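Below, each structure is written out as structure tokens.
One chain, subunit A, appears in both complexes that follow, with subunit B as partner in the first and subunit C in the second.
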Partner chain A sequence: MNIVVLIKFVPDLVEDLEIDASTSLLDRSFLRLIPNELDEHALEEAILLKERLGGTVTAITVDFGDVDETLFTAVAKGTDRVVKITGEDFSQGVSNEKLAAIFQGVLADLPCDLILTGTQAVDDLDGFVGALLAERLGLPYVGYVTKIDVQDGKLVARKEYPGGLNADIEISGPAVLGIQAAEKPPRYVVTSKVMEAMKKASIDEQEAGEASVEAELPVQRMSLPETGARAEMIEGSAADVAAALLKLFRERGVLA
Partner chain B sequence: MSVATSYEFLDKVISATPDGEKIRKCLQCGTCGGICPYGFAMDFSPRALIAALRADDWHGVLESDTIWLCASCFACAHVCPTKIPLTRGLLATLKTEMLIGGSIPQELQTALGNSRRYGNALGESPKKRADWTRDFTIPVPTLANHKDPVDVLWFVGDYGSYHPRVQQVSRALAKLLYVLDVKFGILGAEECSDGDTQAFTGEWGLFELLARKNTKAMGRYQFKEIVTADPHAFNALKHEYPRLGFNRTVKHHTQYLLEHADRLAPLLQNRGPQRVTYHDPCYLGRANDNNIYDEPRRLLRAIPGLELVEMPHNREMSVCCGGGGGGMWLDGFVWEKAHVRTAEWRIKEAIGVGAQVLAVACPYEAPRFEDAVKATGNEGKLAVKDVAELLAEAAFG
Partner chain C sequence: MSDIWVVIEILRGEVKEISYTMLAAGRQLADGLKGKLSALLIGHNAQALASTLGAADRVLCVDHADLAEFNPEAYLRVTTAALQEHSPRLVLFGHTAIGTDLACGAACRLKWPVATSCRTFAAAGGELRYSSLTCGGKIIAEGPIPEPNCLATVMPGGYKAEAGKVNKTPAVETLSPPALDGVRTRFKQYIEPPAGDVDIAKQPILVSVGRGIQNKDNVALVEGLAKALGGVVSGSRPVIDQEWLPTTRLVGKSGKQVKPKLYLAVGISGAPEHLEGVPEAELMVAINTDAKAPIFDVAHFGTTCDALKLVPALTAQIQ
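So, the complex of A and B:
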């Protein structure tokens, strides 16, 4: 099975996020960008499938900045081919609509059986990229996938629903799947293998074609959550606290 | 890169380790497995591992994951009558093979991934490495903002920089350096993990990556010597960084403070706790024959009213806190496999000799031993303090 994995880079939440006062958007000047966690799960699932069923894995990302190390790490993990889409400064962020259009352009020359990506990314939680891309390619899409298998020659994706429900969905491939979690956590690959990949592998750089987008959802304003002084600490002995709680419950109508 | 047979593996150990050829002379006496704190839970003690390799059971060796119980405490290497470099050679090289083969407990993967991405095992922002110096009364200069040469480059380390408990040790040491009028500075955001513990998980490539970042950063500044409160950083800077061409004097804080004992002792006016015992960190003592046993004890004895008592396991026979060799990042795995914690044995020994305070000298120890005090039901009976903290309390109250 030949699998393509799409990787988007998102702000690293280890750093403090700041809003640029002049634009009311995320201040991206000192942001550290890292691969979206669920896209790393998508890559892991692809490599697990390759190990089980054979085939190839191709990882594609756009040039968000320091993406080479991520791509070489992907090679060290078992990815056969890595593609970096260049041509524009994408470090300031790309809308999901445009990202889907860019990926469509590259996929036109890259026939494959399965396209995997994270079901959503932490930067917007929209979960649009996979679905929009499937629509553009005229392929089926299933999101929130936690397992992929082939049964009797057919692709079966396990989709996770809220409330602990799972569904096994049979799909006629090729298809786009949004990965919620790989079957195993993304693997750590030893540094010497990454270094070896840096020496031996090469990144296939492709210029982004004309990515026409009919509509986008521009973010108008971002803000940090406002914290209100709503918590009231009740102090004193156990009896005092219990009495204060009872009084509160009666006031708020919890108890008669 | 990865090896396919036992004999290839033995060749790798021998070529990659100073004195590695001694492995061929193993007498199979079993002293190593006897002294290993987790020997009872390992499928292959060092002795059994050598036997399996001689029998060419490479597959059997790779099938077991109990090598991850090894806390690289150097107990086995220390007692080996043939002086085989078991810890750094045999065991760390087997860990490398496990890493290459992908047999890595998940919690260790997280710490190694954090180390590679952020330069610290805790997964904290590298930009915030010097945040512990903020809102602190004592000035702790960062070398990037401080153009003049300094006497001491203080290598703070991951835990001293980020771990809330160990930050207290860093603050105590800062007070002592300040009151001794030492011209010192830290690397701040330019520092990253010393890489020693990552190396002893077998991740030598990551060690080199981290070490090169540190040597590059240190190369930008003028200083006379390096001081660190972290025995792992001390060990790496002293024995491993020179292989990368970085050869600078490094001292553990207990060595450095003892050198200034004539000026430090008159400042120690407050009476200390009455009964104190001292835990020898593996990487100050046994590892690479660092043999720093007397310096911390002499500092402790300089505190008025302090009586130093010894635990049954002391000096080169000290029992590891469990944090080395990746143990710091394998607590869940170790518990699952062994159902004991060496740190708890240590607490029982300290309580057994009637100590009020367990003095330590390694950043892994205060958090591990404080947890073990609680886990053994001894909360309030035994305090855990770094030597620097006890000295700072004696000097400043």
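So, the complex of A and C:
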């Protein structure tokens, strides 16, 4: 099975996010971008499938800046081919509609049996890339997938519902699947393996083609929610805070 | 062109709570625009559920044996056909496993824009606006809902589902489904949740652990604290995905909704998907080193103390 994995870079939420006063949008000048967590799960699921069923894995991202290390890490994990789409500074932000259009262009020359991506990315606002892309390619889409199997020559995607309920959906022919979690936690590779991949492998660079977007969602203004608006904060050393919490739990009848 | 539609979500014959949240939102918007509110009910032998959708002016039922359970491609075909024909101003879907598959697919097929993870909407002077929560709850994004048609996915939190439960009988109409031959997806079977573990939804004291605990060994610290408090350990998604805790312990959108007397969140940032699982803890306390973590918006008490120090100290003091 030949699998393509799409990777989007998103703001690292561990860092402080700021609003740019002149645009009223996210200040991207010092933003640290990291691969979307669920896209890493999609890559893991692709590699697990390849290990089970054979075939190839191709990972594609667009030029969000520092993407090479992520691509070489993908190689170190077992990805056969890595592609970087260039032609624009995507680190300044790109809508999912446009991203889907760009991926559509690249996939036109890249036949495959299965396309995987994270079911959603942390900064999504105008739909999910995988679902938008599927429609552009005329392929079926299933999101919230936690497991993929092949039975009687057909894909079976396990779709996750709340409360631990899942449903198996059978799919005829190629499809785009949005991964919610890989069957196993994404593997870790040591730096030496990544360094080795940097020496041996190369990144295919491709120009982004004309991306036609027909329906765009305007984002006018961003703001930070008022944090700590509600919680009463308890300060002090660990011992002080522990004592205050103990007192609180007793007052509220949580502890005898 | 001022009509609002809600795509009702049914799972295993039951109307999901998010449908009522959407009806509450839709009612406000339809009234604001002086339009009508329609509910699209897709399923098989599900017409009886229409009587629970009284917040809508009318319920449009699409019935077909192939629609008995959610089938992504079949449902998408039905939804887009109905929207194409009626061309509502705004269509609300759940920001859920079912709703997002449909909304994104329909957006692309109809060439209508889609706004995802919306929490609230406004209808003022005939203009519609959305407000979305993104970046793990750290950013609010707003904008106008483009004319003439738009789709949106709705998260809980902005409207009370109770307001969408109206004891009235809506008009019921039947829409015939488009041809469903050649559909490439097929519902096979449900896989039941694993049984045998404690039910976190019924526990009065939950100590919930997040990625901030850093590794599996440290989860034992939290287990010690839960034991000392006479409670049980639950967790956030990354903790479950890393296999540090079993899936039965997951709190949130994809896990369980809990309502304990005490919810002690340890190293949990408070992403919207997590907070969906704790809408009404009697007492919520958060331990998180990041003073800007969204969990402090909902917790009653908080501390930025390092969990790795505070958890053992608290356990020791209780004992």
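Quick notes on this structure:
Here is the rule we use: the second predicted complex is superposed on the first by the 223 of 256 C-alpha atoms of A that agree within 3 Å, B and C clash if a C-alpha of one lies under 4 Å from a C-alpha of the other, contacts with A are read in each partner's own complex, and residues count from 1 in each chain.
Keep in mind that, in the parts below, contacts are C-beta pairs under 8 Å (C-beta built on N, C-alpha and C of every residue); 3 or more make two chains touch, one makes a residue touch a chain.
Here the structure is a predicted model, which is why all the values come from computation and not from measurement.
Once chain A of one complex is fitted onto chain A of the other, the partner contacts of A:Ile34 are limited to subunit B, with no touch recorded for subunit C.
Look at A:Glu214: by the touch rule set out above, it reaches subunit C but stays clear of subunit B. Contacts of A:Ala21 after superposition: neither subunit B nor subunit C is touched. Within the superposed three-chain model, A:Ile171 lies in touch with subunit C and out of touch with subunit B [touch as defined at top]. Shared-chain residue A:Arg187: touches subunit B; no touch with subunit C. In the superposition on chain A, A:Met195 contacts subunit B only, with no contact to subunit C.
The larger set of touched subunit A residues comes from C, when the choice is between subunit B and subunit C. Contacts of subunit A with subunit B, set against its contacts with subunit C after fitting on chain A, overlap at residues 14, 16, 185. By the touch criterion stated above, subunit A contacts subunit C in their complex at residues 11, 13-14, 16-17, 26, 37, 41, 97, 100, 119-120, 122-128, 131-132, 134-136, 140-144, 156, 158-173, 175, 180-181, 184-185, 214-239, 241-243, 245-246, 248-249, 252-255. The touching residues of subunit C, when paired with subunit A in their complex, are 11, 69-73, 96-97, 100-101, 103-105, 107-109, 111-117, 132-144, 146, 150, 184-194, 205, 229-230, 237-238, 241-243, 247-248, 250, 253-256, 261-262, 269, 282-283, 285-286, 290-294, 296-306, 309-310, 313-314, 316-318. Partner subunit B is touched in their complex by these residues of subunit A: 14-16, 34, 185, 187-196. Residue ranges on subunit B touching subunit A, taken from their complex, read 1, 96, 99-100, 102, 104, 106, 108-109, 112-113, 116-118, 123-125, 127, 203-206, 208-209.
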